[in-house]
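Across the two complexes that follow, subunit A remains constant while its partner is subunit B and subsequently subunit C.
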Partner chain A sequence: MNKIMYLEFERCIGCRSCQAACRECGGHDAKERNYVEYVDFFESRQTYPMLCMQCKDPACARVCPANAIQITEDGVVLSAMEEKCIGCRNCTFGCPFGIPKFDFEENKMYKCDMCYDRTQHDIAPMCASVCPSDAIRFIDFDEMQALRRRRTQMNLIEGKKPTEQDKWQYVPEFFGVYSD
Partner chain B sequence: MNNLERAYSTSNVETVEDTKFNIKSFEKSFYSKTSMYAFFATIFLVFTMWIGTGQFAKIDLMLAGYMIASFVFVIGLIVRVAAWLVRPATKQLVKTSIQNLKSGNRSKRNVKSIVITLIENIFLQKFIFKRGIYRGIQHWLIAWGCIGSFAFTFGLVFGWVHFRLIDATTYQIMVFNIPMISMHANGFFAAIMYNILNITALMVLVGVIMALVRRLHNNDLKVTERAEFDVLPLYILLAVTVTGLFLTVSYKFLGGFIHPELALIHQITVVLFLIYFPFGKLFHLPIRPLAIGVPMNYQEEHMVDTRSCKKCGTKYSSDDQISDVKAILHEQQFDLQLEDGSYLADYCPSCRRRIRAMSQLNLGSVKGNPYGPVQTNNGIHIPGFGRKRSDEFYNKEEK
Partner chain C sequence: MTQFLAKEGVKNLHREGEKLITTHCCYCGMQCGMHIRLNEKTGKVVGVEPRYDWPVTLGKMCPKGVTAYQTVDHEERITTPLIKKNGQFVKASWDEALDLIEKNFKELQSKHGKDALSVYGGVSMTNEKCYLVGKYARVGLGTRFVDYNGRFCMSSAAGGFMKTLGTDRGSTLPWTELEHTDCFFISGWNAAECLPTSIQWLWKARDKGAKMIVADPRETQIARLADVHLDLKSGTDSALANGMLHIIIRDGYVDEEYVNERCNNYDELKELVKTFTPEYTSQLTGVSVEKIEKAATIYGKSPRSVVMFCRGIEQQRKGVDNVCTYTSMALLRGQIGKFASGVSTVTGQGNGQGGREHGQKADALPGYRKIADPEHVKYVAGVWGIQPEEMPKAGVSAFEMFDEIQNGNIRAMHVMCSNPAVSAPNTEYVWDSFRKLDFMVVSDFFMSETAEFADVILPATTWAEDEGTTTNLEGRVIRIRKVKDPIGESKTDWEIMKAIAERMGKGSFFPYENVPQIWEEFRLASKGGKADYYGITYDRIDKEDGVFWPCPSEDHPGTPTMFKEKFDTPNGKANLATVAWQEPAEVPSANYPHTLTTGRVVFHYLSGTQTRRVKFLMEQCPLPYAELHPELASQYNLVNGDKIKLTTPRSSMVLDVRLTKAIRNDHVFVPYHWGKELSVNQLTNPALDPTSRMPEIKVCAVKIEKA
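Showing the complex of A and B:
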């Protein structure tokens, strides 16, 4: 795998296409494995997409008593092996990011595996391939570095911070609000 | 203290230690704990063989190959189970289970959870039927066919069970050389006993063919399956059952056609199977009983949570499970403690996701009361907003 997943929460428009795409996947039994949630519903309608971080040393695998969570050569943390999982849900509580889901009926855990069957051939995962606002992207490392540099530059160049007095200065231009 | 005295005193200490039997010091005479357990298991098996075969008088040397493979099988299982019990998570679950089994005030819950798990999870395998009727039937046939064959084969191979002719028409089953059941040699019960391996083999054969058909036709499975892990055990099982059933066909219907050769081929496949068993996919059988620990320690009632999230108050787990998870994480140096002293495991999964998103957006309640309203104005400029950009930015060469 030569590419990486790049998430930008503030680009998320909450359309939930990524979840629909995830449900489409053959082995997923029409259940999505990613999340789209409100950051703070009482403050704004801002949503964020949430996928598995694919930790190098995954807490979910470490707290699994059956040793059911395996890692591929690319470093993708897989769902619990169906034959080993004893259905204790330790992984859902051990994960620092709250990613694994649990199916009580079928007594097994399932989680985002970054569509490892696609990404190992450098094909974008289902969620990234459908995201209309580029909140989820599957891009080259160099491209990601450029995007990150640009973010930092913009913060540095226009490093003024909005305050209660001039917050309208910071509203996007296409909202039609101008300060002068 | 001079040298002589020191030598005297140390030897004295050693003799004191030697007088009481210590399992730790006994362990030291082995290469590892695992090899000690393997040694004990082998001794125990040889002892049961000695009893079962009447001091090796009635040992069935036709089964010598199976016997050696069975010893390898048992030692392999012990090596794998020991390696698996070393993991902190497994150790913690086993430790909690043993504690709960010992405590008297939980005995009702223990018995209930053991009975329910044994019936629903292990005997009926309901959760696999929920994944699909086809998969359920296939797995149930393979599982109970294999376990039945194991039980009968090990009984015969280790000489735990053998048959004795009392008179011309009566057979007697001897279990550990103790006479148990007498049966008419041509009776119905006797027919079942003679054919039990044929019955279990037919169960496995049907199950394995169903499984192979599923593996060959289901495209979703083909994407993620690994041939050496998912399909190889099926072919090994197929080889064992087909050669075994062909033995029966040979002596029943073909007058013993190539029977000795077939017997040898069957023995080779079974030896391969027994040696493969502890190291492949089929190893999930011996670790399955751990599922008893789940209702016993963590979920008194299925799908009912008792512990509430520290932030939003929704029920998401039980106190016992969270303390176990914290202990396992602590043992492996995972530092998931927040600034206010709470652990990430104290929050429900959706709150944990929100905590991560907020800290990445710099929206976490860094100032003031951590449980108070969120401070959205955190003094950080989010890019893409519309104050006129400096010309320097626009004039930059695009990459």
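Showing the complex of A and C:
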């Protein structure tokens, strides 16, 4: 895999297209593996997506007594293997992000596999493909670096979202910025 | 016909045993590109694959688009004609159904005259079909009563653009240019929920530093991130726009050269907006003076800007005025006809643009021609092979057709691709009108609330079972491909219109064997009109990623940017708006002290006939609700999840309460996608705009009680 999964939470518009799309992935059995939550609907409509971080040393796999959670060569943490999963739900408690879900009818866990049927061919996962606001992206490393640099640059020039973007509020008196 | 068209170098997941068919979403005007996955063995539609190479949407889809394919082989599809007997629908053959239609249509016409019949169309279907609706009504049935659901959708934008710019093309610029603009001025458009994939263009521009001003009574997702959120009262748009014009003039932001060369009425406009000081504007709109000043300054200083609006400003009894004043903002700044700037309404229905151009409207003929113009009638009559004298006169608008039913003038109606039992305002009146009809035919593929009133239901097809073209919200004509054959005995709308026309003895005017034949006739019918499609061919659409009308000849490149040199008005200049202040038809009073506004949620499309049958979408949003500010709620001792009774002069209904500070504290919001007792349109006000005949769905006065 030559690409990066890149998240920008604040771009999320709460459309839950990523969840609808997750149900469409091969082998997903029409069950989504990702989450979209309101931060606090009382206060605002801001939402954010959450999906598997594909941890380097995944807690879910580590706490699995049956060794059911496999990790691919390129580091993608897969759903539990059906024949191995004993339904103990350790993984759902172990994950620091609360990602693995549990199917009580089938008595097995299921989780985001980064659409491995797609990503192993460098095709974007379904959620990243459809996300209308680019809150979830599947991009080259260089592109990600450029986006991060751009972010810093924009913060300097424009002030930070979501305020009303008066740059001078952010620049201290001992700092000069050239701008027209 | 159904080839797979991803461009070279674009990778898609192509599963074995499956065919990918390249098409567009069936729902909103974004017309997101998609591939539909078809199982080659079973012939069933099994899923969707992103279409990364479609330049307008780049593979992105909202949840409606992702799940759209699930309506095609849906278990609730109507697959045979149905005839109502003793209040129950029973299955019938096509012959039985057509016999009954023929008998009733002919009887009613001989008893009450030609105009006893009426046709109620819709614009969620292809150009070919929309074009045929007008011809079917006027030639097939010979009635003057034909109109369509665009009266609740696009007619105010159309009226406003015709008045100011001379031609109604929803967007004066291609949307792929949006990322290069410096400022968005957006009013009454809940972009994140209603056309979610448009967000990528807004965000792209924002990433480059573009400013965003959003006017909305609710703090929508885009309002929350805007530089200025103008939290105006529903129904005060013309005042806000006049207030903006006032400051633009006062502070010298007018592009004087452009205005002198290209606009009429500048002096009148200056005179009119004199009184709209920030203080007066603030008083009318409820927006603070500081915000108004700030928004006008940002907008006025931006070298390139786009003014965008949607149903929020249009579904009002002064919808046309609102469109004209907002458009004048773009004109004063000299923006229309230039790169990455201009004005755009945001077309709601999939083919809301194409469907409104070609004669479904009571007073219109193909190519934006007018029935009132004898030359226009002569041309179209020529294409259709009838005498100009045979062309029926103009009819009445959609909502006024219900008045005609109540008056006994319309005795029968054929509804296609529409569900006015949910989407029209004051629905109880509409339901009563349906009951008064002697005979009613509905073509649909699901049992809509409107279909339940019918005497005969004809099983139509979904978008995936027919081919044709639509025109997206930019004015780009694109191709819808046939994915599979119609299920059961269902027929396409054009086959249905043809079959009924044959029964009415007009078969020779509908000789079509396939869709391309309709397309060829339609190109000719539009030729020379304002919306000229003559130069557009299916091949060109494929090769050029769609073609923008007007496109008068095959060697014409199409027109992505409108009005570069001149406007389509008689003297070639745009007409600036001079619009005096007018209250909404209903303002809060002692009995009805608050404002009710309605709108959409991201999970449902229009009347919900389709999306309420999709599992994922229903899981996300099964029921309507009343959204209100905790400050308003506390006056009635309401907490989250309580039941609330809303009453307007028309009716009342009970809903769950959802509290959020992201709405004005004097407004209640209810989404409208449900039928019967869940339909908020029981409450809404049918006050019509004098030009567009658009009802004031967006604002009425309401009483709140704890239920």
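Please note the rule applied: the second predicted complex is superposed on the first by the 154 of 180 C-alpha atoms of A that agree within 3 Å, B and C clash if a C-alpha of one lies under 4 Å from a C-alpha of the other, contacts with A are read in each partner's own complex, and residues count from 1 in each chain.
The rule we apply is simple: a contact is a pair of C-beta atoms (placed from the backbone, for glycine too) under 8 Å apart; a residue touches a chain by one contact, two chains touch by 3 or more.
Please read all numbers here as calculations on a predicted model, not as lab measurements.
K.L.:
Tell me which of subunit B and subunit C touches more residues of subunit A.
P.N.:
The larger set of subunit A residues in touch belongs to B.
K.L.:
Taking the superposition as given, does A:Glu24 touch the first partner, subunit B, the second, subunit C, both, or neither?
P.N.:
Touch status of A:Glu24: second partner only.
K.L.:
Which partner chains sit in contact with A:Asn107 here, subunit B, subunit C, both or neither? Use first/second/both/neither.
P.N.:
In the superposed model, A:Asn107 contacts subunit B only, not subunit C.
K.L.:
Per the contact definition in the header, classify A:Val130: touching subunit B only (first), subunit C only (second), both, or neither.
P.N.:
second
K.L.:
On the A-aligned overlay, A:Gly98 touches which partner chain: subunit B = first, subunit C = second, or both, or neither?
P.N.:
First partner only.
K.L.:
For A:Met144, is the partner it touches subunit B (first), subunit C (second), both, or none of the two (neither)?
P.N.:
A:Met144 sits against neither subunit B nor subunit C.
K.L.:
Just checking: does A:Cys55 make contact with subunit B only, subunit C only, both, or neither of them? Give me first, second, both or neither.
P.N.:
Neither partner.
K.L.:
For A:Lys84, is the partner it touches subunit B (first), subunit C (second), both, or none of the two (neither)?
P.N.:
In the superposition, A:Lys84 touches subunit B alone.
K.L.:
Let me test your reading of the model: by the given contact rule, A:Cys15 touches which partner, first (subunit B), second (subunit C), both or neither?
P.N.:
A:Cys15 contacts subunit C only, not subunit B.
K.L.:
Could you look at A:Val39 and tell me whether it touches subunit B, subunit C, both or neither (first, second, both, neither)?
P.N.:
First partner only, subunit B.
K.L.:
Touching subunit B and also subunit C: which subunit A residues?
P.N.:
Residues 10, 26, 43-44, 117, 150, 154, 157-158, 161-162, 164, which sit in both footprints.
K.L.:
Looking at the complex, which residues from subunit A come into contact with subunit B?
P.N.:
These residues of subunit A touch subunit B: 9-10, 26-27, 35, 37, 39-40, 43-44, 48, 50, 59, 62-67, 81-84, 86-90, 92-100, 104-108, 117, 146, 150-151, 153-155, 157-164, 167, 169-175, 179.
K.L.:
Provide the residue numbers of subunit C that touch subunit A in the complex, in ascending order.
P.N.:
11-13, 15, 47-48, 50, 52, 59-63, 65-67, 192-193, 196-200, 203, 207, 209, 211, 219-222, 224-225, 227-228, 294, 602-603, 616-617, 620, 630, 658-662
K.L.:
Taking the complex as given, what residues does subunit A use to touch subunit C?
P.N.:
Contact set of subunit A toward subunit C: 10-11, 13-17, 19-21, 23-24, 26, 41-46, 117-118, 121-124, 126, 129-134, 150, 154, 157-158, 161-162, 164-165.
K.L.:
For the complex, which residues does subunit B have touching subunit A?
P.N.:
So the residues of subunit B touching subunit A come out as 84, 87-90, 92-93, 121, 127, 130-131, 219-221, 223-224, 281, 284, 287-288, 290-291, 293-294, 298, 302-303, 316-317, 321-322, 324-325, 328-329, 332, 334, 336, 344-345, 347-354, 356-358, 360-361, 363, 374, 376-377, 379-387, 389-390, 392-393, 399.
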